[in-house]
Amino acid sequence: MTIRVKFFASLREQVGISEQDLENDGVGTVDDVWLAVTDNQVMPANVLIAINMEYVEAGTTVTDGDEVAFFPPVTGG
Amino acid sequence: MTIRVKFFASLREQVGISEQDLENDGVGTVDDVWLAVTDNQVMPANVLIAINMEYVEAGTTVTDGDEVAFFPPVTGG
Amino acid sequence: MHIEIRHEGFSAWEILAHYEAQRAEEMHGNFGATAVFVGTMRDFNEGDDVSVMTLEHYPGMTEGYLARICEEAELRWQIQDSLIIHRVGDVRPADAIVLVAAWSAHRADAFDASRYLMEELKSRAPFWKKEQLNHGDERWVEKNTPDPGAERLGKEMKNKKKGM
Amino acid sequence: MHIEIRHEGFSAWEILAHYEAQRAEEMHGNFGATAVFVGTMRDFNEGDDVSVMTLEHYPGMTEGYLARICEEAELRWQIQDSLIIHRVGDVRPADAIVLVAAWSAHRADAFDASRYLMEELKSRAPFWKKEQLNHGDERWVEKNTPDPGAERLGKEMKNKKKGM
């Protein structure tokens, strides 16, 4: 399956990836996506996650075609 | 002594006086001023009173040269 | 601090643009939060259509209380500036009646201060409204409804006030 | 409801004047209370001078959450309209970053709704700020400080939200 993965802000700079398509049938949850894309880095505790632009928890299951985004605490306004 | 007396808004219309100088040595308090100027009408319960543009209670003593104002609840804004 | 009684109509947004432009050098970059409230005339009140409203005030006392209310807000919250503009005379539906603004480094202070300014203005500043109804009658607005969300803002200051 | 991400500088007061003029016929006389908040860039943060700030967002998700926040406010309070404008890209001290506004017949609803819009925007809308300090360093702003006065506004709605 194909998962589009996005990183924003400081996390984009740390991971060194802005956007990447992950082709992998071994991923089940958001956690798995993170590990596959970051080469098994530890996910920082304060990371926020969205699937298809909706906030989710790290244990949420991903589906073929999903867009998964990782980003630090938001600081707008 | 001379007291300048003012009425505002609905109270001005009811009493029929906008501004009047009261020359009377028998007035001691705001209550006395009201009775003297309104010909002994009963003061409505919700009347607000100011001496020299500061809110006061009806029992406050007046002094020669004071400006005493009577008006209904304020409705600005 | 800026207090003004206006006898003519005004645009709240033009006043704010103009006021901030005047103060641009002084204020530049040192505030992050501006909270503003504008009260405009509605064309209805208590179930009746209102065509014109006449605003009366007590010249001198009104300005004094508006200035005092701004001073209280500036003592109580961390605000850099505050402004109150209030209309008097005949106003028509959609006309601005009141504009208050508070500038602060912090959004909580700006929000609290602007709400406090409105609440105190409505409960203490000597203004009165008379409505002309569409069918020709006139009536005085009897009292302002308090804002329950502003109660916590007034308490501390009210205990310090003499009389009202 | 109006939501907009701006890539260029804007004047909050011009936007409001323009927006109200566009909607004048529809809104005429049916609202009495407008509460507005404007966030502008300060030239300091955490003790350092800041010369430029870069605002990043998540296109699509940001607009989605801003619209959702306005919808929540319109469900929760009696407001006739709401507006959020947010800047992205490079901003400089005194530039406007965010403008929120709520129009209502009642001042309490306008005040509460505008504060709710700001608080939810700051805690949920995907925007990020990177500061360029005067001495050349760059740093990401790590988190927003919550507004304690807005806590009571969020609770009920937060219980209804899934996730965040």
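By written order: A, B, C and D. Residues from 1 in each chain.
By our rule, contacts are C-beta pairs under 8 Å (C-beta built on N, C-alpha and C of every residue); 3 or more make two chains touch, one makes a residue touch a chain.
Predicted, not measured: the structure shown is a model, and the values here were computed from it.
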Separation of subunit D from subunit B in steps, with touching chains one step apart: 2
Far-end chain from subunit D, centres as C-alpha averages: B
Separation of subunit A from subunit D, taking each centre as the mean of its C-alpha atoms, in whole Å: 26
Geometric centre distance via CA averages, subunit B-subunit A, whole Å: 73
Rounded Å distance between subunit A and subunit C, as computed from the means of their C-alpha atoms: 48
Subunit B: positions in contact with at least two other chains: 77
Where subunit D touches two or more other chains, by residue: 39, 107, 118
Chain pairs in mutual contact under the definition given at the outset: A-D, B-C, C-D
Touching residues (chain side subunit C, partner subunit B) in the complex: 39, 55-58, 60-61, 64, 86, 97-98, 118, 121-130, 140-144, 163-164
Touching residues on subunit A, where the partner in the complex is subunit D: 6, 8-10, 48, 50, 53-57, 69, 71-77
Contacting residues of subunit D [partner subunit C, same complex]: 11-14, 16-17, 20, 24, 27-44, 93-94, 105, 107-108, 110-112, 114-115, 118, 147-150
